[in-house]
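Would you mind keeping the following structure in view while I ask a few things?
Labels A, B, C and D are assigned to the chains in the order they are written; within every chain, residues are numbered from 1.
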Amino acid sequence: MYIIVQENDFDIDSEITRLYQGNPAIGAVASFVGLVRAEADNPVNALTLEHYPGMTQKSLESIANEALDRFNIMDVTIIHRTGFLIPGDRIVLVITAGGHREQSFLACEFIMDYLKTSAPFWKKETSPTGSHWVEAQKKDDVAFSRWGDDNMKNLKRDFKA
Amino acid sequence: MYIIVQENDFDIDSEITRLYQGNPAIGAVASFVGLVRAEADNPVNALTLEHYPGMTQKSLESIANEALDRFNIMDVTIIHRTGFLIPGDRIVLVITAGGHREQSFLACEFIMDYLKTSAPFWKKETSPTGSHWVEAQKKDDVAFSRWGDDNMKNLKRDFKA
Amino acid sequence: MLRILYFARLRETFCLSFEEIPSESINTVSDLKFMLAQRGGVWSRELASDRAVRVAVNQEMAHDGDVIREGDEIALFPPVTGG
Amino acid sequence: MLRILYFARLRETFCLSFEEIPSESINTVSDLKFMLAQRGGVWSRELASDRAVRVAVNQEMAHDGDVIREGDEIALFPPVTGG
């Protein structure tokens, strides 16, 4: 497990290689990269990411451990950036490595959904009209909640079998 | 759209960057890397990947176009290697880029499920006991079939809205 | 004493990132929120029942009924928006 | 004429990667498979109804009932195993 909060960018190929190298049973690596967006109706100039240093590492580790346990995958990387970012910059990288693709994909989505609602990061956007804190989105709570239902508990059992 | 069949390895970071660079509306990039596995109960020494050159590019393009259309994502990369590979080598890279993570994840899974059942590649494994053609797996047909049900058609409509 | 941390919008609105307060008469997360809201002004507005405020006790997400003990580190912040 | 291609296990078993055959009396994928199976030996075994053989007509996946026309490129192969 490799979990880090940093200001610097990361190299995705090196991070993926680090995760699977030396474990020949890994056949399926899923990953997700979140980027600072700027759209016509929301022309963001910059983003500042604040976090709660004492809690961040702990909360990301707990999410990663839950994913390892639920989906029976083999390893996880989470890199989350903080500080000043501009459109096109990478914010977060999640990598999940397992034997088969279904469990790696599910674990990667699970980690992103949990991170979006449970990890102590906050975005402040600066646009031509001023700066404001980004509001949490209802759809992130919806995405989060689906992992708690009975369907997902059955799924966990399947992977453990 | 960037789709290529090649013998050489690829750099994942460069491929991901190529896909989102220049499109500031892209906020979510999902990707999948498939690797040659070697497990205790299946000690593979090498894999040879054969394909049907006249059809491969066409079939991958058609899968990518279907994903772009169904999930309303913005761009797709598929790189599939052929030839001689050993455990730990990368076989395939799929990258999907969209505005939001749910659609990018779904499109990436969709492409892998289609590729596994519809793209003309065949693996031949060499192990200490000889070499043999890998048999298609029932679970790949099951994974493929879920994209055809009514549930998934509704999902397509949601993304188009 | 309790160590209280504020983040993001709350930190800016309260003009405060950190304070220490006596733990007497504070037994739960609810007690602490009620006590802070009593300060009035931005405090009562930000801690009003219709505003979403998240609380972590000793770096773990907590709920209104959760117990607070002498020496705990409590953080108050808006719903998170990372990733 | 029809251009017939074989891949993977079929290519090896038939010791053949490519042949051309007259298109007369072959109207569908089924007709072609039946005609090839008539060759006997490995041909009838590999093209027996209980074995999964996939067929592409002009580089598109096809089914038993699909029509074959003069000049078409037909490929026969086992279920794919890439990715």
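Note that in this section contacts are C-beta pairs under 8 Å (C-beta built on N, C-alpha and C of every residue); 3 or more make two chains touch, one makes a residue touch a chain.
Being a predicted model, the structure only gives us computed values, none of them experimental.
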{"item": "Minimal step count in the chain contact network, chain A to chain D", "value": "2"}
{"item": "Chain B-chain C separation of Cα centroids, rounded to whole Å", "value": "47"}
{"item": "Rounded Å distance between chain A and chain C, as computed from the means of their C-alpha atoms", "value": "26"}
{"item": "Inter-centroid spacing, chain D versus chain C (mean Cα positions, whole Å)", "value": "71"}
{"item": "Gap in Å, rounded to a whole number, between the CA centres of chain B and chain A", "value": "21"}
{"item": "Where chain D touches two or more other chains at once, by residue number", "value": "none"}
{"item": "Residue list for chain B, restricted to those that touch at least two other chains", "value": "34, 112"}
{"item": "All chain pairs that touch each other", "value": "A-B, A-C, B-D"}
{"item": "Residue numbers on chain A that touch chain B, as the complex places them", "value": "11-14, 16, 20-21, 24-39, 87-88, 99, 101-102, 104-105, 108-109, 112, 143"}
{"item": "Chain B contact footprint on chain D (complex, rising order)", "value": "5, 7-9, 12, 52, 56, 59-61, 73, 75, 77-83"}
{"item": "Chain C-touching residues of chain A, taken from the complex the two chains share", "value": "34, 49-52, 54-55, 58-59, 80, 91-92, 112, 115-124, 133-137"}
